[in-house]
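Two complexes follow with subunit A in common, the first pairing it with subunit B and the second with subunit C.
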Partner chain A sequence: MQGMTKEKINSFHLALFVYMCELDGTVFSLARTIAENVGTNGWVAILLLSPIALINIFLYHILFRAGEGRSAFELLEGTFPKWILSPFYIILAAYWAWLGAIIGKHFLLIYQTFAFQTTSPTMLLALYCLIVYTLLIKDIYSILKAVTVFFILTCSLNMLIPYFFREWKLVRLTSSFFQGAENGHTFHGWFEVYLAFVGFEVLLFLFPQMDKKGVALRGAYYGHLMITVIYIISVIIAFGFFSFKEIQSLQYPLINTLEYIELPFLNRVENLIFTVFLFANLVSTIGYCYASKVTLQRIVTKAPDKLFAILIIAGVFVFGCFLQILRDTEQWLDMGLMTEALLSFAMPLVLIPVALHQKNSRKKKERG
Partner chain B sequence: MGDSAQLDKELTAKPTIATIEAQFKDCADFVKREFANGMSVFYMVPLTGNNNLHRDIVQPFADASREEAAGILGRAPYHRVAETGDCVDGILTGSAAIFLEDYVWLVDLSEQLGRSIEQSETETVIAGPHDGFVENLFQNVAVLRMRVRSSKLKTVLLSVGEISKTQVMIMYIDGVVNREIVDNLINRIKSIEIDAVGEGNMLVQLIDENPNSVFPQFMTTERPDAAASKLTGGKIIGIVDGSPSVFSCPTAFFDFFASPDDYYQRWLLGTALRLLRIIGFVITIGFTAFYVSVTTFHYEMIPHTMLLNLTESRSKVPFPPLYEALLMETTIELLREAGARLPTKIGQTIGIVGGIVIGQAAVQAGFTSNILIIAVATSAIASFVIPSYIMSASLRLIRFGLIILAGLLGNLGLFLGITLMIIHLSGITNLGASYLTPVAPVNFRDMLDTFVRGPFWALTRRPTISRTPNSVRVKKRI
Partner chain C sequence: MTLRKLSLVILALALPLIGCSDQRIIEKLGFIRTTAYELAGDGEENQGKIKVTVSIPKTTQKEAVQYSAVAKTAREARIVFDRQNDRRLVNGQMRQALFGASLAREGVWTHIDSLMRDPSVGNRVHFLVVEGSAEELLKRKYPQGGTAGEYIDNLIRVETGAMNMPDTTLYSFARDYYDDGIDPIAAIIRGQPESIIFDGIALFERDRMTGKVEPDDLPYFGILYGKVKSGDLFVDFTGDDYSSDVASMLYFSSRRKIKVRSLPSLSRGTGPKVTVKVSLSGSLLEYVGTVEVSKRAEQAKLEKEIAKFVKLRCERLIRRMQDARADAIGIGQYVRNSMRYSDWEKLDWAETFSKAEIDVEVGVRIRNFGKRQ
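Our next item is the complex of A and B:
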């Protein structure tokens, strides 16, 4: 392990991590969510909403500078006593494990809609948890290495894009913008579209592993921009492939588009391709489980690493077992991601003043 | 503890005829010769050469007086030893111990034993040098020294094994290698506590960071040209006496897919071969598993034009695809193992018998389907395109795991297996370097010499995995 201690997260790996954390089960229904809530040519909404997430990332950047690279926990514990923070830590750790469980279970339940309908979802969840566990017990650098390989495999799916050119018609995009939203334009509707971007906030827990100047944080912007482009492409493909009304009625337009791919030696490749999304969902779950783990480690500092991993995975499994129906899971997922989106803004907004306050008082002390 | 302390004390004491005789008691090949001038000579017969004995012992001392003998011993190649331990070690490496009055001298009479340099049977190339490493340590060092004629090629001699005292030579090029890694490797080898080490592939298992992993973590080769190119690439070479397998480090997973051949051909051809091996890797771990997955759970994935043939072929088979595949894969493995154990001439017969049994009889008897045979055979052939035998064997083992997972959970099982493999690989390090380099961490320049064999004008840098202080390999022409 010599040499590993010197390792620092670089911007490239952070970009991939942010990309993979943002990419989760929401992408399957993104085109429908947009068609329902934004209307025709809804892909423009992604362009409008993406900067909000960029601003959010910028807040984390400010936090990194203000806190001089210190972790959120160090900042909080520098101002508040630990006994006040501990209950918050427990709630947050449980919440993130719960969110990780929903993301995983959501993916598995969708998978069961077209394969393994009779297999016990609990058994599948147990296998999923086993994989999350094997990754969670590794150090963050190993996790990022695995994420890099997952990214390469997931990203290679984009090579399928040219396949849709033949069936894709510009006319289906229509010339009107933001028309035909089912319930008109509501804050809730647009917020639901924004949820596709949730996931990058996990980078807050990687601060201690970044270089002191925070150059790596540039990667978060790049990762977010990459996923924005991918989302736009996937939505444009769906909008040009199906009619607008059809998209509104399809539960998972992305999977439906994949069903049309036929290779000379293979049909119904969505069976295979959908499984590749296992990687993306796995990384999202890992992201939240990692956040949960480091939060718990602040409360009990001396317990072995594996014990936390076992605890969290047990939590993920138990939470996951409660979710049995896809419709319910989707509602929980929406709720969980909405809370997370708010939390994502709240965390830097709370921590920046704390960091600035600590910085100022330190400077005052230095001046004497 | 008492015996051991006593032994240590004896070994550091001044050598005497009595202690040496006690050390080699009951050794029939240990010989003592006495001369008229009072000189006593001790040596091991099998380790010494007759000519050497005649030249350095018999001829100079047969008629020499005590004073003349003392005069001769004061000159080269005779050298004095002061401790019993050195004297014993010297005798064990083929020297003769000469006792005269109260002093002891050693003279090297060792004769090189073993086969002469010949082609490696496990790593053959079509173009390029055909010499391979042999079992003799110094012969192997000589072969490398002939290829890298530089005083910067440094060597460190270590000894491993409490009983076997196997010599291990670490080689590196000063100024190109990362000294921290060299020290790390030397410390690890020094910290081995074992009775005996017999082989290079055995030694590396004692020093790797993940001893329970199925993947080999040190690249071993029997080819001097490959070892020399590793040296110039800033890596470290380790040679174990008695083993033709030379290890190099730090090693990455994808190093096992490169062959020296790639550099001896035009770069486009080398690139095509590298890509072919990557395809071979994918086929060998996943093809049979995918067949099992599709025929068990995902029949809809088969195009209708192929479906009829497949159904017809499978209609006679009484087993589910999982058992069918495991049966055939095990048979192939049995054949491969039998071929490896038997003498070459009989090995060929096994190939023919296996070919007939698997190729025709199994299908006619309704044991298996034609298409599965194609899948299993393709997977087997694909595993043989991987230049490293050890890596190829590891991948074949993983294949079984993936087949079982695919048989239980179809494509999901297959991907769960692949995910586990990736997670496992991402946790492996070799002397602190990531095993997945240059994929994770990503390094595009290194990829030019990993998945493809870039043209020589593009391969200007040494691989980053070496963490070399001197990364420039090629100076660009102006």
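Our next item is the complex of A and C:
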């Protein structure tokens, strides 16, 4: 299957993958989340929180070195018997499929506030699942190539930034920092802002396809820094384009900024532009579905690749069908991403000692 | 391979289905271009109600269908309109929201809120105040051609563009409404027998209209509001203080700076001291008076005279805004940014603004004197 090609993931593709995985539905409300939880000049919070994710990526780098590029599964199975691991695998696989479903459904429900209001959300979800399926049955290299195309589409939106300069005023940013947060500063509030970064941890499952030295991992840092810059720019634009208290009142400030764009021959282009964000959410869903797939494949090794894909997509569809209103998806997304953020730290922290232990015992064997 | 084929078949089947359930056929839709909100008038039955008028251009773009109804909100009125119209009404192409001046004096936020909540309404819809009856204004035919809605659109675009005035839109209104350091504004239009005239700027305290910038004051408002890129200034010197009678400065550009000299004090109850520094430069293309504009020294004298005049007019305009408790030029934003956040939060800015000491410093430079010396 995947091992048959000699191709290796390079850092360029990994950078784009990390960028696209981090970019999901949270970006629409990011400026509001920051205004509510951090307060005035909240864009600084992104600068403070981004290094935490950077440290997290660094942990994966250490893990790669310690495990000499072996996958998480090989490491785990080297120490623990499979019957202990299997239940964990099933829980994780189901969890990731569920998270992918929420990200997708959340986006679709937001999309439906603006377009296709009367279309059945289940139908849209079915189409969404179909696209995810067509990518999921491919090997990781093909997925990454598709991600590159999606990235170009999504990233081209940044060319719109100069459009907002005319109405943007520095004075609206105010001179105070971190004031006016709605519920004061809470751990929960800041954590909610951090959720915008969740998504890069999927790179753990790309270890086997990387070069032995892990040079490709450098791309993860670049991808993360790139999304940090984009987040900061988008929040600074929102803070100078709207007034601070207005941002707190807007459900999705990013969409409101897009609404302002008017071309001489066309207005209300946000409905067109908005569709581009589909790809960003699609990649996040694919990332988690891929994680889910490789996890399931460790339990049942002999089944065909497509069967897993069908199984997971069916799961995504069923999970997605349960969520019908935006209030619910928002709450579940928050909860899902928070769990994922913790998991993202927990995975390398558990695996590094395992990897080191195996490395030491192997060295001992070689010596003795 | 079979799976791929199957998925393609499903895709092919599913795609047209989406269109079926959510189709919008352009011939079957009525695009509302203008929605007008006015007071419903006196009487028990009109308590807490407004008169809503919508104008829907016909496909020829020369005429428009118009409906009016008295209702609690525009949405409620829409139901009545829908019952009369042969096409389904949609808000997607709305360009203007007109508010009667008397309704604007009572407060407009609830209506703006529901307009902004509607995803089909864009935030670039013009927000205008109408003096006189909005219903009449929309109904009349104008020699300028097209429907009233189209006429208003073009008028506002040209006028605000020339003055470099802000386009007053739902976006700008909501932005300044929520900003505690500035108050929103709206362009005012008034119907005349043969035309619609741009008649100044409405000043708001929060969402209530409390005052007006007269049309004569518009260039000065533009200067105080922000950067003017290309404006026209007609200076009509009156009184013995000036040695000139009339001067016209064209294509002038201006910059403004706001300096907070002292902060408001809660304990002493004093307002802040603020200086607005304005610099103007333009071409002097009309002059009547005793100053010999061909001489260098005299040119400087003329610049000083214009500056003095502009300063007085600007200061008078600011007094008027203070009386209306409407900080339309955003002095509060600068006061806020030079204070501690907690102190600012305790401040009642509308009250403080009305007591503030604001003076204007004007520097004028005449770029050229046209073709004559």
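What we mean here is this: the second predicted complex is superposed on the first by the 364 of 368 C-alpha atoms of A that agree within 3 Å, B and C clash if a C-alpha of one lies under 4 Å from a C-alpha of the other, contacts with A are read in each partner's own complex, and residues count from 1 in each chain.
The rule is simple: a residue touches a chain if its C-beta (ideal position, glycine included) is under 8 Å from a C-beta of that chain, and two chains touch if they have at least 3 such contacts.
Nothing here was measured: the structure is a model prediction, and the numbers come from that model.
**Student:** Is A:Phe116 touching the first partner subunit B, the second partner subunit C, both, or neither of them?
**Tutor:** both
**Student:** Please work out whether A:Leu47 is in contact with subunit B alone, subunit C alone, both, or neither, and reply first, second, both or neither.
**Tutor:** Touch status of A:Leu47: no partner.
**Student:** Is A:Ala303 in contact with subunit B, with subunit C, with both, or with neither (first, second, both, neither)?
**Tutor:** Once the two structures are laid over each other on A, A:Ala303 reaches no partner at all.
**Student:** Does subunit B (first) or subunit C (second) touch A:Ile55, or do both, or does neither?
**Tutor:** After superposing on A, A:Ile55 lies clear of both subunit B and subunit C.
**Student:** Determine, under the contact definition given at the top, whether A:Asn267 touches first (subunit B), second (subunit C), both, or neither.
**Tutor:** Touch partners of A:Asn267: subunit B and subunit C.
**Student:** Once the structures are superposed on A, label A:Ala314 by its partner contacts, choosing first (subunit B), second (subunit C), both or neither.
**Tutor:** A:Ala314 contacts neither subunit B nor subunit C.
**Student:** One more residue to check, A:Ser243. First (subunit B), second (subunit C), both or neither?
**Tutor:** second
**Student:** In the overlay, answer first, second, both or neither for which of subunit B and subunit C A:Val276 touches.
**Tutor:** first
**Student:** Tell me which partner A:Leu342 touches in the superposition: subunit B (first), subunit C (second), both or neither.
**Tutor:** Once the two structures are laid over each other on A, A:Leu342 reaches no partner at all.
**Student:** Residue by residue on subunit A, keep only those touching subunit B in one complex and subunit C in the other, then list them.
**Tutor:** Subunit A residues touching both partners: 116, 119, 124, 127, 134, 262, 267-268.
**Student:** Can you tell me which positions in subunit C touch subunit A when the two form their complex?
**Tutor:** Those in contact with subunit A are residues 3-4, 7, 10-11, 14-15, 17-18, 21-22, 92, 119, 122-124, 171, 174-182, 330, 333-334, 336-338, 340-342, 345.
**Student:** Using the touch rule from the top, collect the residues of subunit A that touch subunit C in their complex.
**Tutor:** Touching subunit C: residues 40, 113-114, 116-120, 123-124, 126-127, 130, 133-134, 137, 167, 171-172, 174-176, 179-180, 241-246, 249, 256, 259-260, 262, 267-268, 306, 310 of subunit A.
**Student:** Would you tell me which residues of subunit A are touching subunit B in their complex?
**Tutor:** 1-4, 10, 12-13, 111, 115-116, 119, 124, 127, 131, 134-135, 138, 142-146, 148-150, 152, 262, 264-269, 271-272, 275-276, 278-279, 282
**Student:** Residues of subunit B touching subunit A in their complex?
**Tutor:** So the residues of subunit B touching subunit A come out as 180, 184, 209, 297-298, 300-304, 306, 409-412, 414-416, 419-420, 422-427, 429, 431-434, 436, 439-442, 467.
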